[in-house]
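Down below is the structure, laid out as structure tokens.
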């Protein structure tokens, strides 16, 4: 077979491990020819493509980023790709295309598949918010980076009798906040799925201080937001040019807590360190398995699917199912994190 | 309720996270009283017990080891415990006992349960070989430690054109070897489930050298063994006192490969570093969830069960099911690891 | 002897290692009695003191933060302490006081010493800006945390053809920016010692892009500032309450570069993760040696000094010398970092 | 100038950082031409050489191993090189050769220099045993790996009331044992510089157990040895083929302690994980500075020297001084490590 592979969307630890695995399984086990499109779908449209042989993927298993580059595709160009799906398939002589990406990429993959391109998707998101799979690679690494930060912040909070507000990634789903908050022993966790009331955090901190635990750590997802009318600090401020400049929820919440508690509250915004660098062993294994099974799916002609972790096995899930909705943190997972002191 | 907790068997990262979670959920959410038995079942038999309150579990979430101590119980004493199960329950006023341990401990737990003690088990093993649960805590940490070692060894192997043989834990099951081997990109993986032939490894190394990849890393579980008659190097040697002294499979395999290949082959035996120290975030979350759900199971009267990870949720599994057999690496998981170059 | 110890100022990895070492050397080798003052000089003034025996310092070698707590002392209270130096010494029966702290603390230590208190200081700052010693403990840990962040950000920058601006600690001296920038391979480094011109960074990025290296990482100390008139983006903005809210140099520089380059430039503000948590082995060794030598200095009657690293040995340096001026990054160290591509 | 660079001897984290720095400083700042000899001096003798340009050293700063390969040179071939020193210099058009290596390599470098080759050495050893420089790169990484292992082993030792014997590298000098032992809080440290008596370790463990600290960790350098007549367990054993097979000091000492104490004592031999993989930030900075200054030394015509860390600066030290003797752990450094409990 002739298999194309591309990576699209935001950076995610494990992308290179998938690419490597596709090449290993395809080239070495099946005698396939593998080609890589550069910078995501843009390479597919513009003909930026290169052969991927065993030597090209040497030493990249633990390498962060993606050797193929990535980009986000504008809607117009996506439609261009969908309309030309059959021609592109023929032009490159593709027997299968394996796009590795998040919700947007998998939606595009589904459209290309419906338009006649033989597609097997591989889900990718540090946010863990794709349906149909128990976990996505990159998530464990993001949680690990965030937890290591919380571990460090706790000792400082305790030594200085201070509140720390850690903002982690997660625009639409709070998985990183939930798991890094649990793993780091955060005393409060705020996720997009459930609007929070700063008064509850104030009560928690006050209660801790009354027990002589004179510090607290709050872990807040970037997409978390206060219930309406519960928070004074707004998002915007206007700079000397009259431009609006925004503060994220971490900065706002720290300011709010400090002003209500009369105790130092410091924000830490982890940002992009959560999405780059060496993947954890968990993510390397999952990414490697996804690549292996994507090639098998291609050889089985199981197009229009994506690889998914279900329990301990890798299964094929229809792309339609994967992109139907976001996978959000359910209430019972939040309950498991509540009894932390 | 009055809940007893104990840790038994080998060290495992995440034990303290379970203890902490039991106390948090029991004491703070349910108003339970929690007591800890020291050094495993021995504390139960000999009355070494202490109250566990919120303050006793402060700061232990990420701490390796177990604040309660651990021990392995002799068979005779186990029978003593089983025969006195009801009396012990009454004497300590136990409404539930939560033993945290591996196969031996869970077998004991089942016997105690059958004898009338209200038991909810929590499975623990770095080896990941307990049935009924997708994963056990401690395993991710062990894999991480082993993978970091392989990462380091690879650069040395490459610089010196050398074969490295890494022996990891896993007496009866090869999960650590499988996953750290995959994550570290080992070129050969040997597990107890499948006797290996050194000739296959010799062929793999030779093939690599012929492609100018002049190094290789082999990851071997301590319980792996050669197919009968395939290996010259034996286990034993006799020292100056006439005592037998043993060499593990890592040392033997390195000697065998070096002698057959005429190329340097060095063994590294990772040993106990795999079972101690700070648990990974993954293990902290799993351990915390297990503790939370064990308390809920106790309150639900679901005795004779253990907590188990199934997909993304924590379920209750009969202890009988958990200890029926060991969970071994199935052939299809081994196949996923074969296409590595 | 009766030796008092206290920790003052900002959190710094290694504080507990010093405390432990003072107790080990004092109690076990010399038969001293060691007492700890809580929350820095405040404990000395307000009588919050506790005995420190071998058991009290068990397990704290690698623990971040300080078991004694810390605080910053107001000037008025410092003068109170200085005026009462002899009475305090007598009241506590102190034969020596070992304050562990940064420039402010060592200045206070010097004043107390001049006023008759038997003081041996131990220098502490993650910023590495204290004169008289080659290095301070805490610095290596801060550099390590910052470097790990840069390592992760680089892969994301490269995958997305983006500029990353990493703001690290260092208000008055750029040591952390210099060493983490060098260790992480940052393409630009901005320190407080040398005002920078954003145009130079724009030129560097442009040159890189022209060589098809389509990403760059800039490491900027929080105290770095643009040369006058070179930067459009200001510090302040006004929120909906009319309050000024400030943006640090990292945010401003990213905005400035993005606007000038027309390329995405993202800020990451590392913040307090640099000053908490487990100290590196380097810092543990240095902190342990400082504690050991501080006790020896006390027994030698070498008051008014602080411990200092000089080459490979620990020496005694007059406190006056240590606080005379800040240790800033000299031009030749900056030159060593310039040839990075 | 035309500058040659090569790496020789055992693997050491930071080698690639030196190579990169030589290229950056040479090519970009001075307009030099840099060439790399493969597999150490062997490449010089056999003409395995390749140009090193800026692109060749992209992304290698944090990479373990050496992109040039390494080897140990037999004595005969060294003499061949020395005799042909001038011809080799002319043949390659070398204005300077920068060999990066340990004691053996620097001795060869000195002989080549004496024979007329323009040489500037860069010292390299994880053992830190080269005279003339405060530290060598690679050492900090080795200490960090060893300390992380001790950290992990301590929790297991404590949970199981067990003695752990950790064998670390250091054949002739005990620097790694000293610093990782101090950083990890080992209760006993054995170095080659001072023959030890197992009875002292037995006494230490016994004393700890009597204080209810029922565990101990002993850190022993591979080159440490018992004082004559103090230890029963020998090195050798004879296998089924009549071959002698050897046990290192870690295995022997654990057997000895277990037999004398009647308490479990387990050996862990860290081995090659200490010399491979990602260098710590400290080592990356030191390696980068060494490379930078080696190029400057070449341009200054300061041949016959090596770069050396002295205090905070990099200086030029005659090669003769560097190889005159090994740098051993002095008694006063051992004394600093004695008060550990």
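We just call them A, B, C and D in the order they show up, numbering each chain from 1.
The rule is simple: a contact is a pair of C-beta atoms (placed from the backbone, for glycine too) under 8 Å apart; a residue touches a chain by one contact, two chains touch by 3 or more.
On a predicted model such as this, the values are computed, not experimentally measured, just so you know.
Common neighbours of subunit C and subunit D: there are none. The most distant chain from subunit B is C, comparing centres defined as mean Cα coordinates.
Between the CA-based centres of subunit B and subunit C the separation comes to 40 Å, rounded to the whole angstrom. Per-chain Cα centroids separate subunit A from subunit C by 34 Å.
The geometric centre of subunit A is 30 Å away from that of subunit B, both derived from CA atoms. In subunit D, the residues that touch at least two other chains are 151. If the chains shown are joined wherever they touch, the resulting network closes on itself as one ring, and no chain has more or fewer than two partners.
Looking at which chains touch one another, you get A-B, A-C, B-D, C-D.
Touching subunit B in their complex are the following residues of subunit A: 21, 24-25, 28-29, 54, 58, 61-62, 134-135, 140, 143-144, 147, 151, 179-180, 182-185, 213, 280-282, 284-285, 288-289, 292-293, 310-312, 336, 338-341.
Taken together, the subunit B residues at the contact with subunit D in this complex read 7, 10-11, 15, 63-66, 69-71, 145, 148-149, 151-161, 164, 232-234, 236-241, 245, 247, 266-269, 271-273, 275-278.
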